[in-house]
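In order of appearance the chains are A, B, C and D, and numbering begins at 1 in each one.
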Amino acid sequence: MTREMHISEPDLRVLAEDLVRGGTRLIGPARPPGKDGAVVYREVKGLDEIVLVGDPPARSLKEFFLPPTEVLFTYRQKQGDVELAPAPHVFPPQVVLGARPCDAAAVSVVDKVMDWDYHDELWFGRRQATTIVSVACSGGDASCFCTAVGLAPDVAKGSDVLLVPVEGGFHAEILTEKGEVFVAAHATRFAAGGRSEAAMAYRAAARGKAEANLRADPAKIRAFLESSFEHPIWEGIALRCHGCGACAFVCPTCHCFDIVDEAESVATGARRRNWDTCQAAKFTLHGSGHNPRKGQDCRIRQRLMHKFAIYPGRFQEILCTGCGRCVRICPGGMDLLEMLDRIGREPAAPGEAGRGAP
Amino acid sequence: MQELRELAKKLLLEGTVKVVIGYAEGRRGVLPIFAVTPGEAGRLIFDPRCVQNLATYLSPRREQVVALGRPAVVVKGCDARAVAGMIRESQRSRDDLVLIGVRCGGVLADPVSAVEVSEATVAARCPGCDARVPKHVDHLVGPLPPAPPGTSALDARIAELEALSPGERFAFWRSELEKCVRCNACREICPMCFCVRCVADKAQPQWIESSPHARGNFAWHMTRALHQAGRCAACGECERACPAGIPLNLLNRKIARVVAERFGYSASGDPESPAPIGTYRPEDGEEFIL
Amino acid sequence: MNGGNLYQPHLVRIDEIVDETVDTRTLKLTFKDPMLAASFDFKAGQFGEYSVFGSGECTFCIASAPTRKGYLECSFKKVGRVTAAMRELNVGDTMGFRGPYGNSFPLEKMYGKSLVFVAGGIGLAPVRCVIQNALDLRDRFKDVTIICGARSVGDLVYKRELDEWAARKDVKLWQTVDPGGETGGWRGEIGFVPAIVEKARPGAIDAFAVVCGPPIMIKFALPVLNGLGFKDDAIYTTLENRMKCGIGKCGRCNIGPVYVCKDGPVFTAAEIKGLPPEF
Amino acid sequence: MSEAASTSTETGQAGAIEPRIVAFVCNWCTYTGADLAGTSRIQMAPNVRVIRLPCTGRIDPVFIIKAFERGADGVIVSGCHPGDCHYLAGNYHARRRFTVFREIMSFLGIDQRRITFSWVSASEGRKWGDVVNEAVARVRALGPFVGYRSLVEKPNAGA
């Protein structure tokens, strides 16, 4: 159903203004207001704040669908009885303008686990309220490896509209029904457009750039992981890991969470859902003190297994977009790109492995 | 560099240590390595990109590192302060460690993109450092580079904050701490955060709200600052590890200054010096007590 | 669901509290919503998330049988924040319950066969659910053998049921306590559960075994059962990994590719032997 | 610290509500002193809830944080005078800890006037009355500490 159109940069600027004026929450990759600092996705007031093309923002889009902390319901106790008030799961409309395609793809990957028998109303409430307009990436930096996990700098997955930078504006692909509704609502801003050679060239160049970082065969990686639970590679890899979980928190697809109660007073409080990470020892710690994943090697293995074997086995999706955030953020120098490269070259049976050697 | 490598090889070959924890060139910048063979020791380096505080790997919580056997560790002056702290607090015995001190001219704020130390590239905590030659180490290698240029931007920033009204400071920290997602990177990377069970992980009672809202984050960072008072080695690793970019060094440095002014104490490389919290003097100031 | 979301529990009232041992307690719960109380259904082996508001949620199997309608029971030991709060509650207080979740013991598959139940300590809770269920449909099964043990006489749970089962002619009950755990008047066996299984020698032909208890008991009971002729796919047990959501989202209960909350908690010994050792 | 807290946060102006103050006091001196204040019928503002602990050394600063979280507008910490500690040095240790913690709170922008530290001995009933009355007056002037409680409200960046 893809339809191709064109939008000029001035028109995109007016479109953004229209959105904000119309009360739609506009989100885009931008620097913190009035400060230097890392680009993050945040609410903006206009196109000028948005960094349309560039490296992946420091944090992903997931916080707009699964916030770091959110109230599931509040409670009020009175004389042995309890009243519950659920958090609303209908949300006001919002538009992400300038999403990196990998981040848009991540959201659709996580859709799978959020709709597995049990439909997560809070996740899908936000999904429904959100239109994602991505801008094709120029190929990322040295830590990007989207093409190695079956995506691409210009991947359409998860986006409602994909913009590709061309001279003076953007080639626009309208990808979903939501995208059509969006374009229809701003019809005067878009012009007819067909195949664009410039857009094709931009996309090809970006793909080439990303491919150069890592060539890996996801099937081979999965086969290794499924056959190498006990393998000396894990201990060597884990040595320099601090077990902090910064990787999981910046990851666009890590979705594990904790559920906690927080009292506001003796009688009132809320149950919340908070981000959590399999890299923390506490994650699997039983009340008895027993911990099925005792060492950091087990936790690293779990992270890789979940992303490249378990999730693909369940949902036919790799739980990784190759955005490279975990590589950039890791204070211990853990490098997923390198690990994948190494695993990809590893025979599936246990073999020799050095300690902490990259 | 050669001096460091030769020393590491010798320590491994003669069996003095089983592993040398040091720095090596990685795919993107410098990485910690655990050299167990002389060959691996040949990869060791030290330069201004070596920002990591390797003392963290000496924590008894790092069971897999402990299992490698007696370590030698490459330490800068600030890292040596952390090692001293760990010894002072009975986490490691001095006899179990070989400390290879490296003379330091400051490290880089962004070790991935910058190479040379200059006023623009140096880590904010480095100018004015009094521990460029690590103390209480077993070996000292490398020439002493020139002192990092300029003055610390941290001091200027602290002064700015102190000049604000409480309400303005609260607003500043609220906007910073709102970003915290409670990944605990600040804690996990800290050589002095070696508690087997952190107060923030305790649930009975739950003193510190575990949710990453600003209120839980205030409780966490205030408590952490208190628990670090007089113990913090000022290595800046917590701020470097923070994926949200929270300026934790401001808080660390401010508290170090309070401890120095009030109790005449600053963290040093000497494991024998007593920690300021956990001891007292009857004549300590108490002008704030009615 | 409640007009709320997946994570919002139903309200239940505590109708009865039974102290099984010094540290183990059983709560009998009924749904406050009469419609739900009437319609609530589950299968033996399924679990739920029980909450104390202000303290949090905890995962337990449903210890009562689906054949006994109108209420559900859970048994717990005080180990953490939520179970400590649960011990503070009184009859008439309100709790939360989400569920039932997870798979169940395939009772239909066991129709016409003999059943052997092996339980240690509080592991009797999930087994009790199946026992009650099976005894309520007693004519559908051949022999029923129950072998259960605890560290000491005081640690035996469900004493009322044990007396009831002991009195039944159509149930063979073996009770045991660990050596040193016996009291003066103890008339049951003395020895570890696997040893008593060996002594009881339940027949493996046309039979299924259900085994729950501490990992060490399971570890030694399985080879004994195998030795008696029970095949791994005729032995059922449950796994208890830490959980939060109970519905396959929070990622906590993974054992290799398995989500205990969705693919379990009931597994055959054959399935467990195929899992990585992360439980 | 219960339901009234949530309603009191609505009012923003200073002096519009009765401030709620939590006093963490040591068992041996200040608690006895407060008792004396009561039996001596010393007039005191009724805004203070006293929590008795064995020693100021037992007062973990997280207690103060929790008090603000759950609706306190001000906190009093009080114990034995230096040299009078029932456990010899508990108050000296506490003094160091609170010296630092006060600075941490101040640097993070928590108004120091919300927290009162005092030494009140078993015989200083009058002094306890003054400490309470002054603390209540200071906090009343500052108004409710909505700022801290409401930190919970704005969801984390993004959401």
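We take it that contacts are C-beta pairs under 8 Å (C-beta built on N, C-alpha and C of every residue); 3 or more make two chains touch, one makes a residue touch a chain.
Predicted, not measured: the structure shown is a model, and the values here were computed from it.
Looking only at C-beta pairs in contact, point me to the busier pair out of A-B and B-C.
A-B
Return the distance between the CA-based centres of chain B and chain D, expressed in whole Å.
Once rounded, the distance between the two centres reads 34 Å.
Between chain B and chain C, what's the gap in Å when you average each chain's C-alpha atoms?
That pair's centroid distance is 49 Å.
Whole-Å distance, chain A centre to chain D centre, using C-alpha means?
45
Quick check on chain A: which residues sit in contact with 2+ other chains?
Touching at least two other chains: 59, 68-69, 258, 260, 263.
Show the residues in chain B shared as contacts by 2 or more other chains, in ascending order.
Where chain B meets two or more other chains at a single residue, that happens at 181, 209, 211-213, 216.
For chain D, what residues touch not just one other chain but two or more?
152, 155-157
If you go through all the chains, which pairs of them touch?
Every pair of chains in contact is listed here: A-B, A-C, A-D, B-C, B-D.
Enumerate the contact residues on chain A facing chain C in the complex.
72-73, 75, 77, 80-82, 84, 86-87, 89, 113-114, 116-122, 226, 229, 255-261, 263, 269, 271, 273, 276, 278, 283-288, 292-293, 298, 302, 305-306, 309-310, 313-314
Residues of chain A touching chain B in their complex?
37-38, 58-59, 68-69, 142-143, 235, 238-240, 242-246, 248-250, 258, 260, 262, 272, 274-275, 277, 280, 282, 295-297, 327, 329, 331-333, 335, 337-338, 354-358
Write out the stretch or stretches of chain B touching chain D in their complex.
My answer: residues 161-162, 164, 166-174, 178-179, 181, 199, 207-209, 211-219, 221-223, 225-226, 229-230, 251, 254-255, 258-259, 262-263, 276-282, 284-286, 288-290.
Name, in rising order, each residue of chain D that touches chain A in their complex.
The contact residues of chain D facing chain A are 1-3, 5-6, 70-71, 152, 155-159.
Sort out for me which residues of chain C touch chain B in the complex.
Residue list for chain C touching chain B: 80-81, 84.
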